[in-house]
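What follows is a single structure, written as structure tokens, with notes after it.
Residue numbering begins at 1 within each chain, and the chains themselves are lettered A, B, C, D and E in the order written.
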């Protein structure tokens, strides 16, 4: 099984390097094919490992030492256990699909080869992240995906907005990574190791304060990667990257790494329920907060991104409340339908020549039947309609909230579910229904390549049926995760809740359809709604990006300039030069002591003598006075 | 031969440089490469022959020089110095191989070879005076390189560089003489042997004063805030090769000296000054990172980034535990590789456009994709991405210091954020966007010479990031013995507590002779 | 009593004479006053029993040195009024007076010592010149001989400096000019 | 009646006079040769001088051997004092002179070398210095000093141009004043001790427990002024730059070495017993003097535009540096003094010889001195070896290891540290840093600037084989100084220690 | 009223001071040399007096040599003045200022 592990892990790396070999050359189809093929290999290996793990085994290998100094020992160790194998499956499935899809999507791009290199590298990093058996390895993957995310968001580097977004994403992640790093330091100095097994065995012996801090710092790391408030702004901006990237990284895999971390570190969070509550509350807040922003946005990808954010909030609610397996389950399900949604959006974008405003589309279902179906189904799944995947996972989270007696959270999540349904179908309605507003802009949309649609189909299938794996999944992961079952007390309550939720969601969908499916004009910002305070607030993302810009970015630049021009040059350096100048000036000013006139020279000699004599006399007088 | 390999390593380049006067101008570069290559191979041989399991000094050589005053020609390497020596020979090779300078290349190569002698000498010396000799002597070739091949302000920059460091090291010299005098008082004999000094236990108040004296010399060299202002000028004005060597090797002399002198000689003082120095280090990290962010000249960005990284090294050194000190020693190597590479990269574009202003560029990624790639790799290494060489050092340094202080490390950790900010911003300005400037439209991508210099660096940067063990292990062993020595020598309660006791863990190999 | 009168008299005279030497702007006055002062000083020597010294003083100083100076004055044509620019005359006097006052402040205290031994005692009944000769040719023979060398040096120095050969400077002449100058400028023994 | 004195010849130890006599005989020989046959080439006289100096040196080495066996030798009614420091300093004087005399063999003809008397005076001067250091009798010191000085004034003037006359007159006049100071100071010492011999004075003063402290201090004030002039301590230094500039570079270099070591030895004899007896005033004054001399001259050297003037100020600074030895007064410090001076003489020899080979007859167009910095600009491009040599000497003067002066410097600073003068040690160290600037300035001109158009003909104007040889010797001595330091230290320590310093 | 050694010393000092004033004041080099003679003469008085009061001949010896030195100095000094005068036609030291700084 170790072989499969290595194949699963390194096949993407090989793919990446292969693609990189051709990085500078023009597009070569084979690059995409090879990379996809390797990804598929990786997927197959993962699947084999899954079957192995289903048999109750785990695989744990230690490839080699990485860092060993003092008491610190960090190997490149990989573990395939019940949790990581699930992640591996998710990652490999989605990425295989995305890879194949990208062959079509990036067909006309100059950076085709480069794209695959980055994309495969990302998958490799992600695999490292999920498969590592220690926190340092996790951190490698953690930073690795950050790097690839940077490279892919900024893939179209000639676009100012893209590179800006790339840097923003990287730096914001770095802020969180610092938290993570501190968490790792704390772990090391308190448990003496970074290996999961050692750490989790030791963690119970630590003082609660320390454990709390560890939990907080690790979660700060998770917040960055999973774009939780207040580090959320990068995710929406990250949509500047190519759409497959958004599908893979910013929906299915990387952003869920935070959730994975919390799930992985469940022995820690189990000990600190207060932090868990905080995580859950933050998750709930983000769920609502992101959904609200999605309501008014006019950028197709951003809407989906906010929806991702919102769903991540759900996952954190589950993880925070201790329902780790639920969180992981939603992670999985979400990965499928959200990736599908994004890929669909990619098709639409392609068709619309990179137009992103759904108000400029409409009626596309006629030309893009396949995409229409897929996106609609994905949206249904997202909305959590029975029997789609979303229903099983999302409703479960609502139940968790309810069962754990966090009714506020529950209410928020319920509300969010409605909003989710609304904005999802607002999008679907605007894109696929109504008048063909794109004609105004002289666009001739066309359906994507066939094979792209075929490639997407596994996701479609999974989005539909993933819920049915629930029990298998449950049995699998609970051998590692706390196996709490969340059942609402009383059959009655359960049914009321379930059906109520379904009805609520459906109502939202209907409302959205009603409102938007017959839309016939492109809003120009003049309507009353668009000028209302609430709209503007949401439109401007609660003014948070502006706030960051005004409060952090600009002052930091200003401060930097002051540090350089005022402090470094005018104080620190000027002091040094000043000392040198003083010495030099003293020389200039006193060199006239030697004015070349003999008389002056003789006088200086006599002055010297007189001074000496005077000192002698003074000393003698003093000496005698003291002596007497 | 292996018994005198260090002498050979030190004086071979100098000898070759003298013979180089005979070589004609056209063949000089080839000659330089050949010499540097032989020297590099010799240093690799040193590594090969080095026994990583022994923590003490190896390849010791001793010859009385001025026995009357206790000065001996005493050489030796341990895990701490071994790799910096290899780094020196490596970078001289890289530097000469990728040399694009055409003006008076003969003088330049001869100067470089002399510089190589002094660099190897500093790291191989075990006698304080021999150390000092090479330490000071290294200023001279550098002065010439900056002053003769530099930019418009070269004379100002070179003199500033020279006098500033010279001043600091003179104070250090007084400290060394004091140290020798203490030794004389204690034993009745003069000695400048560092190993002999290690055996002295100084009263704490003397330790403090001596620490300060040594500190001044080292701090200016490192350079630590607020003594850093010579560095941007030196880097800004120096030719590419000068900046490369300066950043990669010369700055390391200061940090190396901290590990070699300050820590084992003055354990109590090290603990006493730990927090003040950590605060200076943090100022270096954050403040210079900010200054770097404000720069308009890409070379200045890299220069200030050097200062910032040196802050992390200092922090790691003053973690006073194995993790931190090993990390800082490793980071010395890492920073050498990465900043050296970055300066080389800046040199590439400077050769083409004769400007280093970032506003002149933009969109280079499309014109020079390979260049952009390598720059990107090195930038990410500089930012401290895992699996690159810098990360190992930075991680360990911060990890080590975390033991001493939570808050300070948290603050210092901002390094990874601010470092990313200025680097990414600079990268964006240089490489991203569209090509606006006509002059940039037809720039050539890297040529063979440049690859020759850069590819090995990329390989090293990644290799040691992925598999640092061959380097880290000898470092670790030697650092452990330093830390143990410090623990044993420490007198104050606090110092005993701050410096971990490793004696329970493994047997301590005495700091003496290994062979 | 006689001694005291003589001391004060000659002290006053020397001081006046030397003051004139220093202060006058007439070169002739100055040299005359100095010669007189020198002679008065020899009077002190005689009072103090240093007859030999007194004689030397008159012969060497008043005789030789003054003659040289007189010669110099004539050569330099400074027999008339000497115009000298005065810069900060006050400081000169302040310094002079200060030096004198300070040293006098110390000198008014008598020397206290029980350990002063006369190494070469002045013996009663031995003539001063005789005693001096004795010491000079034993103990101080080396300085005496060296003084001879010194005088030789000054003689050589004086001669070659004032010599004709100094009129043309090889240092400043171009090499070619020197070559063409031929024998007329060949070095010769002892100057001209 | 005066008793006749019987003196046995053996008790006179006439041999103590031998070294000086050799020099004097040499001088006389030159005069005689010139009288017998005029018009001989200067090289003959150079060689004769060298030969006699070699004999002189041989005699001194002989004495050195004797000293190691028997210790100090007194001679001639105890006027001559051949102790360790006398022998050492004479060796430095004679050896230094031997290195400087060949500088007469320039390719261009200069006025002074046309005089055979020049060489005679040179040898007389050396004899004068030798007498000065080989005695503790204030009279002989005075006479020796004046013999040497008068000869030196003449030598300076013989260069025969306006500046050299000016230099000689300035030097002479100030020297006369300093002689007055010396005489007055000796007078006071004589008044309170009844002796003119330093050892005797020391004994008497100690027996009196310095009861006449006022007298002692005033006499010391005069003596410091007198030797301050000789050793160019600030503010008695003002003659130095002018005299160096006015005289030929060869002589300037000579002046920076030989007269000063003679002065140092006398200063050691005169001041150190007082320092050791704990005369606080003297310590304070010397401390201030040392610091001010070092620092001020360094600062003035910074602003010089002429290399020779810069070197003049630099040698003032070096003298101040070495003066610290007298203040510190330990064996180590005194050893350091000699070591430093031995190494310094090599380096300075090289530096001044480099100037000497650069000397042109007339001033450069647009310049007011012989060796402006501009003259050296870009030298590395036109004459790389010469530039490297000059840089070497500059680095050595700046105290960059491993060149000569560095070793002297660390030994001196080390002695300051060992004697507890930490602050002084720091000041000494920092002064080296200031000094670094002006030495560097020359290197900057030579290595980092473009050559001035039309100046290239002035480089190496005056070079000849012997001058190049001297430069080579100086360079070798400077570079490989490290190997000579240990034997030097051994010998010097032995000599200094056994002389009681 | 006895004349003690101190009297002589004070006299010597006064004369010395006069000499100093002369040295500082004179610009004419020849007359400046006069002043240096005064310095030495002042010292000579003191030497003779000390010699007398402590009954020791060394002082007279010293004075004797000082006279010799003074005489030699005159010779050299005048020689220098002569070359200077021949070259410049002046013996005023204010004219002597080609080197400074």
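One rule holds for everything that comes next: a residue touches a chain if its C-beta (ideal position, glycine included) is under 8 Å from a C-beta of that chain, and two chains touch if they have at least 3 such contacts.
No experiment lies behind these values; they were computed from the predicted model shown.
In summary, the chains found to touch both chain B and chain D are A.
Farthest from chain D in terms of Cα centroid separation is A.
Ranked by C-beta contact pairs, the top interface belongs to chains C-E.
Put simply, the chain farthest from chain E by mean CA position is A.
Located most centrally within the structure is B, per distance between chain CA means and the overall CA mean.
Per-chain Cα centroids separate chain B from chain C by 68 Å.
Taking the mean of the C-alpha atoms as each chain's centre, chain C and chain D sit 27 Å apart. The centroid of the Cα atoms in chain A and the matching centroid in chain C are 99 Å apart. If each chain is reduced to the centroid of its CA atoms, chain A and chain D end up 77 Å from each other. Within chain D, contacts with two or more other chains are made by residues 139, 143, 146, 150, 153-154, 157, 160, 169-170, 173, 177, 191, 194-195, 214, 217-218, 241-242, 300, 303, 437. Shared interface positions of chain E, defined as residues touching 2 or more other chains, are 5, 9, 16, 19-20, 23-24, 26-27, 33, 54, 56, 58, 61, 65, 68-69, 72-73, 76, 79-81, 83, 93-94, 96, 98-101. Annotation for chain B: residues 163 touch two or more other chains. A complete list of chain pairs in contact reads A-B, A-C, A-D, A-E, B-D, C-D, C-E, D-E. Of all the residues in chain C, the ones that touch chain A in their complex are 87, 91-92, 95-96, 98-99, 102-103, 105-106. Put simply, chain D touches chain B in their complex at residues 380-381, 384, 395, 398, 400-402, 406-407, 410-411, 413-414, 417-418, 422, 425-426, 429-430, 432-433, 436-437, 440-441, 443-444, 447-449, 482-483, 485-486, 489-490, 493. Per the touch definition, chain E reaches chain C in the complex via residues 1-11, 13-22, 24-28, 30-31, 33-35, 37-38, 41, 44-45, 48-49, 51-52, 54-58, 60-61, 63-65, 67-76, 78-83, 85-86, 91-92, 94.
The residues of chain B lying in touch with chain D in their complex are 64-69, 104, 107, 129, 132-133, 136-137, 139-140, 143-144, 147-148, 154-155, 158-159, 162-163, 166-167, 170-171, 173-174, 177-178, 180-181, 184. Taken together, the chain C residues at the contact with chain D in this complex read 102-103, 106-107, 109, 111-119, 123, 125-126, 130-131, 134, 138-143, 146-147, 149-150, 152-154, 156-157, 160-161, 165-166, 169-175, 178, 185-191.
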